[in-house]
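Note that subunit A is present in both complexes that follow, paired respectively with subunit B and with subunit C.
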Partner chain A sequence: MRHHRPRITRALPLSPAVVLLLLFLAGPIAYCVYIAFTDLQLTGQAHASFVGFANFRHAFQDAEFRNAVWLTLVFTVLSSLIGQNTLGLALAALMKRASKPVRTLTGGVVITAWVLPEVVAGFLLYAFFRREGTLNALLEWLHLPRQNWLFTLPVLAVSFANVWRGTAFSMLVYSAALDEIPSEITEAAEVDGAGGWRRMWHITLPMIRRSIGTNLMLNTLQTLSVFGLIWVMTRGGPGNKSQTLPLFMYEQAFQNSMIGYATAVALLLLLVGSLFSVVYLRLLRTEV
Partner chain B sequence: MPVRPTAALSALLTAALAATALTACGSGSGTSPNTLKVSYKQSTDNSVKVMDTYLAGIKKEFEKKYPGKKVEFVPVKAPDSEYYTKVQQMLRSPRTAPDLVYEDTFLINSDITSGYLKPLDPYLAKWPDWGQFIDTAKAAARGQDGKTYGVPDGTDTRGLWFDKRVFRKAGLPLNWQPKNWDDVLAAARTIKQKVPGVTPLNVYTGKQAGERATMQGFEMLLYGTGDGTSDPLYDTTTKKWITAGQGFTDALKFVETVYKEKLGPDVSDALDPNFATTVMGELLPQSKIGIDLDGSWLPQTWLPGSGHEWPDWSQQLGLAYMPTQHGQAPGKVSMSGGWTWAVPAKAGHPDLAFDFIKTMQTEANAKKWYIADSGISVRKDVAADPSYATAQPGIKFFTDLVATTHYRPAYPAYPKVSTAIQEAMESVTTGDASAEKAVGTYDSALKDVTGGQVVQK
Partner chain C sequence: MPRKRTSRRLAADLSLLVVAVAFALPLAWVVLSSVDPHAGLRVRVPDGFTLGNFDAILTPDITYTPLLNSLILCGGGTALTVVCAALAAYPLSRFRSRLNRPFLLTILFATSLPITAIMVPVYALFVRVNLIDTLQGTIFFFAASQLPFAIWLMKNFMDGVPKELEEAAWTDGASSPQSLVRIVLPLMGPGLAVVTVFSFVMMWGNFFVPFMLLLSPDQMPASVSINDFFGNRGMVAYGQLAAFSVIYSTPVILLYVLVARRLGGGFALGGAVKG
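Showing the complex of A and B:
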């Protein structure tokens, strides 16, 4: 008993925070879960009713939903797993060896892309990829064929945009991680005759595995929820060719007014996100 | 007693959060019984203050006419689709519902079905000015229950804009007026042949263009098929949506022809979400489009201060009405939308709200509004007024179309039906599907989005 009292008093100051968290974080989530099982509409309906799993069944039968899931996976793998992650690591590794001015300049450019608001970044890349845009001007100069990238390869274009915008985060994470590696170990390996690639593969990567896991998880979750960038560049088009789950949700909720259905889709997106997270968490646990 | 900085910080944070929570719960309630809350759509362009200025004037007049009453504006600054969403959320609760709200006819029926709005019939019956409103405009704000839920403050119409500079080069007449669809296509083919580098005919298409594709594009064709009077999309007697018939297929075939024969814009441009802005701001002023199937509001884009001023557009552009398919009666087609003032079901002061509408809709104030907004009048007295008709070139042309215009069946399922139409258009535009195949896809989508409420005609 005597041991419990101080613990309760010490927990007391936390209680407002807990109440607020429950109210503003858990509350809306619980409400969302409830809505996902109703046919609630924003407009066009007098009363909403409980429909059980109908929204989820509808989603799996809906070709547009399956298309959005597929595109979301493509977008995430291309831009987050491969793009942001690898490029971020490469930049961090290269910058470690670069001279200070080069490091400052590169870091500055990459981070500028990151701090730009999503919508601004979207417009910049729209201007880059559009038919009269910078990329085509470059290609013409090189005597290569030009095309409307946003029309012919929309997923690739928005993935590139996400890599462009999000690489800075990985770069910062990996820069910090690389700085943590004691120089004695690298030097010892060098003395033993290990080349650059071998050192990377056998020393650097194993030592920063933890950071790789964290970085992959954060990047993936962020990429799964990218909306503004794609909305500005292609609005999910042409047709539905770059309509990822957040855009699909937006269309269902605010253009078709189907709040219930859109919320069910949001829960499914949450599920995809948590699946990725579980995989990364497992990765973290076993590697450490 | 010294306070640890962290404790002070968390206490402050808690207090701030609690305060936000409390005010969030409390806002909106408890306004004075003498305050009228009016919600309207504020332009997202800061240089456009037409509505704000007009309403400020009405407020002054209203407060003078009803001593002791105050008008409080609740402007919503958002593009159309976000404005609808915001308003619908406000209308759900008596705490947030304003007393008067600006409603697009596109969604008014949805909001009526949701029970968000109050029928205005008792007020309208006692209001002599209501007789000045034309019937089609009255119908646009009428619910499926036959009651009227809004007072329209204008409309828009649509037609063919053509570039006289291009027509001169192509050897086409400058007083051009096609009699049927074939005439339109023939002119476009002539332009393609004789004026290279110019898009002969722009018809908005595809999902990225949204309602613009449905209304300026497809429906301008579809409503010109059949007998020209009955609605080709919705059957009011059975209250069901009509599956695609011959007219629907023909309209799709027109779109198919435009893009297949490369009479329209490059497909990748047409499907660019920002294409409309390019058309209005660049392509038309630069004489890069021969014929543009578009709305009455285009001159707004070319006003001083817009960034692409074009003061003498009326010398360079001509106007022709869109003909029916084979020239059948009434010979021309137009689609109309527009906005209405409506009273929310949960409004605190509906009587006062209607008094405000009456103040806005005195003949003088209505005229002031139409001229400021370059809108098309739905009031007979204003339409007949010479100072309105000459306020801007083109106004007379577009106002005359009101007599034969069509309003969309803007019932709750309409936005989804519209999306299905855009998808059908897009598949024939890209060549992914023939018109016949796209019709089949449309029919099954229609059944899906209307909950099977379809009928074949």
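Showing the complex of A and C:
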């Protein structure tokens, strides 16, 4: 017995997912595009009026917006591009040489930090960086100068927090990638006298470049949308010294009740995200 | 050669141990403080052992209601995600169509969109359609935001189930829905478990979505109610905060361990995101 069903019936199981995606994901995105061009406020008027590109012009003239863009950039480069990515690769490479108990222990600790709920991670790092917290206790013990990290260097503190929380992902991606490199290649290079750094630079890195590309994309996208971690640790402060774009957007919407303006910022963030997403798709292209 | 190898292993072990200690310090704080009668903000060996912190927070207000809310939200969201993803993955995996590729590309594109960015417009939209401050609205949004990745994962796992087994069932007169439920899904059990656990863990830890979409305190999940330890009460009871964090985090850590074990210690998501 053959199954010759009409195409419509075959596609039927897709419909619940498609309906959900259209109503609750595509819908809000379309709505986002619409209200970004209006002066919608949190309270008050029932009808928002169309204001064209005013919100966007306002954003580019707004020193606070530029500050948020700059901080988002610093946060992303420090924590994702440099921190998570490099540390993740280093951990994966070291794990290949380490003894099994150490490998299991380190992997377990790093992954636990990753699996923890975002807010809990925020509290743990808040406690770590506070004036009376663990970091300063350590520094005191080492006779090094202490400071109130969350006030003096809030971006550095939240970036470190994001490294603590997010490195496991890179570590897992790179461990999988390194496992796929045939051992003959590295052994041959070793016999030819290539040292550890040269093997890393000339053999390992070129061979895992695709994993590096996808990992960087995904890390960056995740870091762009970090909210809870920073919210718990600093609320974007002191002042706006750690106010990245998501926190800026939230403040504009709910403290200044300018939903239209906040949404314009959201749309810009979404556009940057989409750009990364498209690059990511192109990196994966051969595999879809 | 062997000596060189031993010294290299030693160096790798030492470096990893340093990293492990650095990563473990904040974790040690939460565990130690939860049983410390005089918990502060720094890691220290408690000067006594107490379960008083747990006693103090194990009340309906502080712990049970938020955890129950989390369970309803994440359980509902996960169920919806898994059912919709399994249904959607079936035609994508089994039937050839010109629409498959564009659909999958759209899905993959959507998996990496920063959902945080759209929370303000989602809030505005939910106010308009009266879904604000409702559990069902939040569940629907949770499911929709998790669906792209769930469909993508599910389809990849489903591709691993040989089609021949299903064709045999069709010959015996089974319909496609029957073969999906009776043959395909049981055969991809570990894959199904990964999608379920992953969706649940993502929702359980999510702060921003319920923070934006829910307003009444009695509907708040643990991810948001944990904020109550700060602010309104003035002095923070760090011991209680730590105890609550331990209780709130334990389920997701256990679930992760369960899935990681089942997949032979390996981790499928690392491979899945590579394509």
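Side notes on the structure shown:
Here, the second predicted complex is superposed on the first by the 248 of 288 C-alpha atoms of A that agree within 3 Å, B and C clash if a C-alpha of one lies under 4 Å from a C-alpha of the other, contacts with A are read in each partner's own complex, and residues count from 1 in each chain.
Assume contacts are C-beta pairs under 8 Å (C-beta built on N, C-alpha and C of every residue); 3 or more make two chains touch, one makes a residue touch a chain.
Computed from a prediction, not measured in an experiment: that's the story for all the values here.
A simple residue count on subunit A separates subunit B from subunit C, and the partner touching more is C. Of the two partner chains, neither subunit B nor subunit C is touched by A:Met207. Contacts of A:Ala137 after superposition on the shared chain: subunit C is touched, whereas subunit B is not. Contacts of A:Pro16 after superposition: both subunit B and subunit C are touched. In the superposed pair of complexes, A:Leu40 makes contact with subunit C only, with no contact to subunit B. When the shared chain is aligned, no partner comes close enough to touch A:Leu153: not subunit B, not subunit C.
Legend: residue contacts after superposition of the two complexes on their common chain; A:Ala54 is shown touching neither subunit B nor subunit C. In the superposition on chain A, A:Glu118 makes contact with subunit C only, not with subunit B.
In the superposed model, A:Ser99 lies in contact with subunit C only, and not with subunit B. By the touch criterion defined above, A:Ala194 lies against neither subunit B nor subunit C after alignment on the C-alpha atoms of chain A. Once both structures are placed on chain A, subunit A residues 13, 16-17, 20, 23-24, 130 are touched by subunit B and, in the other complex, by subunit C. Subunit A contributes residues 13, 16-17, 20, 23-24, 41-46, 126, 130-131, 148, 150-152, 234-240, 251, 254-257 to its touches with subunit B in the complex. Touching subunit A in their complex are the following residues of subunit B: 7, 10, 14, 17-18, 21, 81-82, 84-85, 88-89, 107, 109-111, 113-116, 206-208, 266-269, 271-274, 411-413, 415-416, 419, 423, 426-427, 430, 449. Interface residues of subunit A facing subunit C in the complex, by the touch rule stated above, are 1, 3, 5, 7, 10-11, 13-14, 16-18, 20-21, 23-25, 27-29, 31-32, 35, 40, 87, 91, 94-95, 97-99, 102-103, 105-106, 109-113, 115-120, 123-125, 127-128, 130, 132-134, 136-137, 164, 169, 172-173, 175-177, 210-211, 214, 217-218, 221, 224-228, 231-232, 246, 249-250, 253, 259, 262-263, 266-267, 269-270, 273-274, 276-278, 280-281, 284, 287-288.
By the touch criterion given at the top, residues 8-9, 12-13, 15-17, 19-20, 23-27, 29-30, 33, 40-43, 80, 83-85, 87-88, 90-92, 95, 97, 99, 101, 103-105, 108-110, 112-125, 140-141, 143-145, 147-148, 151, 170-171, 173, 176-177, 180, 201, 204-208, 211, 222-224, 226-227, 238, 241, 245, 248-249, 252-253, 256, 267, 269-271, 273-275 of subunit C touch subunit A in their complex.
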